[in-house]
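Please go over the structures that come below.
First subunit A sits with subunit B, and in the next complex the same chain sits with subunit C.
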Partner chain A sequence: MTRTWRGFAGALRANLLVRMQYRANLAIWAFTGVLQVVVYMSVWRAVADASGGSASGFTAAEFAGYFCAFLVVREATYSFIAWHMSSYVQDGSIATMLARPQHPVLVLVSEMTSYRMLSMLLIVPIAGVLFVAFDATVHTTPLAVVAALALLPLGAGVRMLTDSLLGLTSVKFIRISGILAAYYAIVTFFSGQFAPLAALPDWMQQIARALPFWWVTGLPAELLIGRADPSEALTGAAVLGAWLVVSWVALQVAWPRAMRIAETVGG
Partner chain B sequence: MGELRRTARIFWVHARVSLLAELQYRTDAWARLISTIALLASSLAAVLIVYSHVDSINGWTSSDLIVVLGSFFLVGAITNGIVHLSMAELAKDIKQGTLDFRLLKPVDAQVLALVQKVDPWRMLDVLVGIGLVAWGMAHAGPDSALGTLGAVGGALAMLLAATIVIAGFWLLITCIAFWTVQGEGILWALDDMFEHLRWPITIFGPALRVALMTVFPAGLAITVPAQALTGRLGAGMTLVTILVAATFAIAARLAWRAALRRYEGASG
Partner chain C sequence: MPTPSDIAIRADHASRTFHVPVREPGLRASMRAIVRRSTREVRAVQDVSFEIPRGEVVGFLGPNGAGKTTTLKLLSGLLHPTGGSVDVLGFRPQDRDHALLRRIALVMGNRQQLHWDIPAQDSYEMLRAIYDVPTDRFQATVDELSQLLRLDGLLDKPVRQLSLGERMKCELAGSLLHRPDVVFLDEPTLGLDVQAQRRVREFVAEYAASTGATILLTSHYMADIEALAERVLVIHHGTLQFDGPLRELAARTSDRKRVTLEVEGGAGSLRARANEIGDVVDADGNELVVEVQRSELRASLAALLDLPGVLDFTVEDEPIEHVMERVFERAAETTS
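Entry: the complex of A and B
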C-alpha cells in the first residue's frame, strides 16, 4: 500500500511539472468549461425572465448562483480518464504503461488530479467574477458549505472510477467516441450541468437520483447555494460511498479480463 | 471562377480519398451513428425541457429553436467534418515537420490545409440538420417567415458566411501551432466549446453575445442562418456577419503567410 501511494505521489509530482509547462493549454481547457456553464446559466436566466421572474423556484439571480457553484464543483470532480484511456489503447501506449510497476489507472488518476489541482486555481476566481458579473444570489450556511466540500473527494473518486470502467470498453471496441458521446449526454442532463434538478421533469429527476452523477455534482452545488439541506449530505455520502464500492469492485473484475483480450501494439 | 473550380476539385479529391479510407473501418459507422443520435436526442431534450417552462424566449419559439438546432448540425458538419479534422492534420504536420510535403504541391497550401481531411460520416449531420430545419418550418406559426424562398436564399448566403468565419477562425487558432508546436489540444477545446452552442446568441446578455461573435465566433455562425430562415435577420446583423467573415478571412490569410515565413520544417 505504501509503495502504491509512493508511486502515485511520484506520478502526481511528474504530471504537475508537465502540466505547469503547458499553462496556456490548461487555461484554454478551463475556459471551455466556463463557457459551457455560462451558456446554460444564460439560457436559464432568460427562461426565468421570460416566465415572469422565476422558473422552478429559481430567480435569474439564483440560477446564476447555482451555475457559479456548479462550475466549481464540476471542476473539482471533472474527469477525462475515459478519453485518455481510449487514446492510450488506440495508439498502443497502454502496452508501455502495463510494463511499468504502477497500475495504469493510478497513473491516469494522477494525471487527472494534477490537472484539477492547477485548474481549480483558475476556476475558483473565475466563478467569483461570474458571481459578481451575473449578480448572483445564494442562501447558504457554513454547515452546508462544509457538507458540500466533504462530498467532493467522494464524488471525484466515483467519476474517475466510472470513467475508467468506460475507458476499458476501448479494449474491445478501440474507437469509443460514440459510447462517450452518449455517456456525456447522460452526464450533462443527469448531473445538474444542464439545469438544476428542480427544473427537470419528474421522471428525469427520478433517473438522476438513481444514477451517480447528480450526487457527484448536482447535490454539492445545491448545498453550496443553500437549496439542499445539510442533512441531505449524509444521504449523498452514503449513495456516493455505495457507488464507489460498486465501481471499485467492477473495475477489479473487469480490468484483468480486459487486459487478457487487449491487443496493443505500442512501443 | 477558374480558381473556385480548382478549389472544388481539390476538395472533391480529398473527400473521395477520405471516403475510401473510412470505408475500411465499417464498424466505426455504428459509433458515428450513436454519436449523432446522442447529440440529436440531447439537443431535442434540452429544447423540450426549456420550453416546458416558457412559450418563447426573447421571441424564439420551440419551432424556431428546432431551426437553430438544424443550423447547429449543418454548421457542425462543416466545422467538425472538414475544418476541425483538416486543422488537426495541419497541427500534426507542423509538429512532425511533414508540412513540407504539402507545401511542395502545386496548389494553394492554405486551401489544401483547410480541406485535406473530410469525415464522410458527417453527411449524417447534414441530413439531420436539413430534417430539423424542415421540421421547424412545418411546425412554425402562420405569421412566421419560415420557408419563404427569400429566407432560404438568405440562409444559404449566411451559411456560406458562417463557413468562412469558421474556417478563418480555426485556421487562425491553428497557426499558433507554428510558434508553440503544440496545437491539437486547443482544437479539441474548440470542438468541446462548439458542442454547447445550440442556442441563438440573441437570448444571451450583451457581453456573452459579443464574445460569441468575435472571440469565439461559432455562436454567430450558428445563429445567422437560423435568423435568416426565421425572418429575424436584419440589415445590421447581415452587415456585421459579412464584416466578421471578411475580417477572419483576411486575418487567417495574413497569419498563414506570417506562419509559413517562420516555419522551418523538420521532416526527414
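Entry: the complex of A and C
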C-alpha cells in the first residue's frame, strides 16, 4: 500500500468513527433524500395513471422501479464535497489540512466515502421496502445490473472531482452558496432525479447527454430496471471516463492557481 | 557563522500583499459596492529577512495585525509570498512538497486539528497514517509525549469533553507525533490558565532540548518568550524592527530599572516621597515598587533606602511587557 493510500485509509477510519457518533443525524440526512425521491415517484405514478396507464413509455410500476433504482444509484454517487470545501475555506480550517502531507481533496473524499459506507446500509433496505410498497416492476438482466454497478465508481469519481472544482471557487469568492444552489438545481433536472430521460423534452435530453450528471445516475438507474441496453454502458463508461480525465486535469490546473491566491481566511 | 546547510529557516526580503475590499458601512455604500468595487492594498509583510539556524528557539513578537501569523503562514506554505522568497529545510514551502510537510508542524492556538467528536487517540492514529510514522516509533512517541504533557486519562475521552488546557496539550502532542524538525507555534498558550501555560512552556523547552528541533514561536505572553527564546524577532506593521537577543532588546529600549522595597507600616504612606525619587508603580501592603532611571540608579537607590521603615530591596530590569509596549509605540511613531 502506498503512502497516499495509507493516509487515505487513516482519514477514512477517523471519519467513520466521527459519523458513527452521530447515527441519528446521518439517518435524518438519508431519510430527507428518500423523501425527495418518494415525492417525484408519487407524482410520476399519478401522471402515468392519469394518462391511461403509462407516460413517456413508463407504467406506474415502472416509474416506481426507476425511482427505487435511482435512490440507490444517487446515494452511491452523491457528493457534498463542494459544500464542505467551501465551509472549510470560510472557517479557515482548510489551513490545517494544507499544512499536512495529504491533499485536502483526499480528506474530503474520505469524508464522503465514510458517509456513503454508512448511508448505503440504510438506503438499500429502504429502496427494497419502497419497491415492495409501491408495487414496482423491473425488466432487467444480470448483465445490465453488472454494467450499472461498474459505472458507479466512475460516476462517483466524476461527481467528487466536479464538486471539488466547484468548491475551489470558494477560495476566490469565499461564500458560494448561490453557485452551489444553481449547481444542485442543474444536477436535479439533468441527472434523471426529477424524471427519467424519456420523460423530458428533446432539448432537455440533449443537454442532459452533454452534461455528466445523467451518465452518473440516470443511465445506471435505467440499466438497473432494464430500460437501457447493457451496450449503452460502454458509451456511458467512455463518457464518464472522458469527464473524469477532463475534471482531473482541470483540478490539477486550478488547484495550484487557487492556492496562489488563497488567503486562508482567519488568523 | 552558520553554513547554508545549518540554516533551517530563511526569509529573504519576503513580502506578502493582500487586496482587501473596501466599503463604507451602511446600505447605500453596500448598494454602490454592487456596481463599483474598490479594494485596498494591505502589505501584511514587507521585505522581511532573517535566518534561523537548526536547533534554535526564536520568539516572534509583535502586536495584533503586525504580520506574525502571515509570516508563519508563508513559512509553512499556506501562503505564497508576493515578493522575495522563503526557504525551510531547503524547500520552498509554497510548493507544499510532502517531503517538507512531513518534517514541519504548524500549531495554531486558535485552530484544532484533532477531531472534536472522537478521542484524541483516534485522531493520533489518523495522523500516524497521514505522516506515515512507523507503528513502533509512533507508540513510543505517544508514550513519551503523554508523559511529558501529563495526558493520562485524556486520550480516550472525546476531545469535545476536554477543557481548553487539556485540549491544547492533546493538540500539541498530535502536532509533534511525527517528530518535526521545524515547529511553528502560533500562540500555543492562548486562553490557557497560568498553570497550563507553564506546563506547555516546559514541554516546548523539553521537546526542543531533546529533539534539537528548530522552533519559531509567537505569543502574546512575554513569559512564554522569556522562558523559551534567547533570540527574538520583532515585527510591526509588517516590517522587521529587531532581530537579536532578548536581553539586548531590553537593554537597548529600556532605560529604567525597577526597585522593589519591603517596608514596615504600609507602603501607602511612602508613596508621595517615593514619587519624588522615581515613578511609583505599586504601593500595596508592605511592598513599594518604584521605577527609576538606569543612569541614576545609584543615587535613586540610596534615596529610596533612606526612606523610613525599609527592610529589604531588590533591583530588576523593567518587565519585558513594558519594554515591548515601548518598542511598538516607537515603531508606530516612526511609521506615522
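Here is the rule we use: the second predicted complex is superposed on the first by the 263 of 267 C-alpha atoms of A that agree within 3 Å, B and C clash if a C-alpha of one lies under 4 Å from a C-alpha of the other, contacts with A are read in each partner's own complex, and residues count from 1 in each chain.
Methods note: a contact is a pair of C-beta atoms (placed from the backbone, for glycine too) under 8 Å apart; a residue touches a chain by one contact, two chains touch by 3 or more.
Just so we're clear, the structure is a prediction, and the values are computed from it rather than from any experiment.
**Student:** Following superposition onto subunit A, is the placement of subunit B relative to subunit C best described as a clash or a fit?
**Tutor:** Superposition check on subunit A shows subunit B and subunit C fit without a clash.
**Student:** Please work out whether A:Val38 is in contact with subunit B alone, subunit C alone, both, or neither, and reply first, second, both or neither.
**Tutor:** In the superposed model, A:Val38 contacts subunit B only, not subunit C.
**Student:** Return first, second, both or neither, reflecting whether A:Tyr22 touches subunit B, subunit C, both chains, or no partner chain.
**Tutor:** both
**Student:** Regarding the shared-chain residue A:Phe189, is it in contact with subunit B (first), subunit C (second), both, or neither?
**Tutor:** Once the two structures are laid over each other on A, A:Phe189 reaches subunit B alone.
**Student:** If we overlay the two complexes on their shared chain A, which of subunit B and subunit C does A:Arg175 touch? Say first, second, both or neither.
**Tutor:** It touches subunit B, and subunit C stays clear.
**Student:** With both complexes superposed on chain A, which partner does A:Arg100 reach: first (subunit B), second (subunit C), both or neither?
**Tutor:** second
**Student:** Using the superposition on chain A described above, determine whether A:Gly10 touches subunit B (first), subunit C (second), both, or neither.
**Tutor:** Touch partner of A:Gly10: subunit C, not subunit B.
**Student:** For the three-chain arrangement built by superposition, which of subunit B and subunit C touches the greater number of subunit A residues?
**Tutor:** B
**Student:** Quick check on the superposed pair: does A:Glu263 touch subunit B, subunit C, both, or neither? Answer first, second, both or neither.
**Tutor:** A:Glu263: touches subunit C, not subunit B.
**Student:** For A:Ala199, is the partner it touches subunit B (first), subunit C (second), both, or none of the two (neither)?
**Tutor:** The answer is first: A:Ala199 touches subunit B but not subunit C.
**Student:** Nearest 10 degrees is fine: what angle do the Cα centroids of subunit B and subunit C make about that of subunit A?
**Tutor:** 80
**Student:** Could you tell me how near the closest CA atoms of subunit B and subunit C get once both structures are overlaid on the shared chain, in Å?
**Tutor:** Value for subunit B versus subunit C, nearest C-alpha atoms: 5 Å.
**Student:** Between subunit B and subunit C, which residues of subunit A are contacted by each of them?
**Tutor:** In subunit A, positions 22 sit in both the subunit B and subunit C interfaces.
**Student:** Would you pull the subunit A residues touching subunit C in the complex into a rising list?
**Tutor:** 3, 6-7, 9-11, 13-14, 17-18, 21-22, 92-93, 95-96, 98-102, 259-260, 262-264, 266-267
**Student:** Quick one: in the complex, what on subunit A touches subunit B?
**Tutor:** The touching residues are 22, 24-25, 28-29, 31-32, 35-36, 38-40, 42-43, 45-47, 50-51, 55-56, 133, 173, 175-179, 181-182, 184-185, 188-189, 194-195, 199-201, 204.
**Student:** What residues on subunit B touch subunit A, complex-wise?
**Tutor:** Listed in rising order, the residues of subunit B that touch subunit A are 25, 27-28, 30-35, 37-39, 41-42, 45-46, 49-50, 52-54, 56-58, 180, 182, 185-186, 189, 192-193, 196-197, 199, 203-205, 207-208, 216.
**Student:** Give every residue of subunit C touching subunit A within the complex, in rising order.
**Tutor:** By the definition above, subunit C touches subunit A via 18, 69, 73, 76-80, 94, 96, 98, 101-102, 104-106, 108, 110-113, 115, 117-118, 122-123, 125-132, 158, 186.
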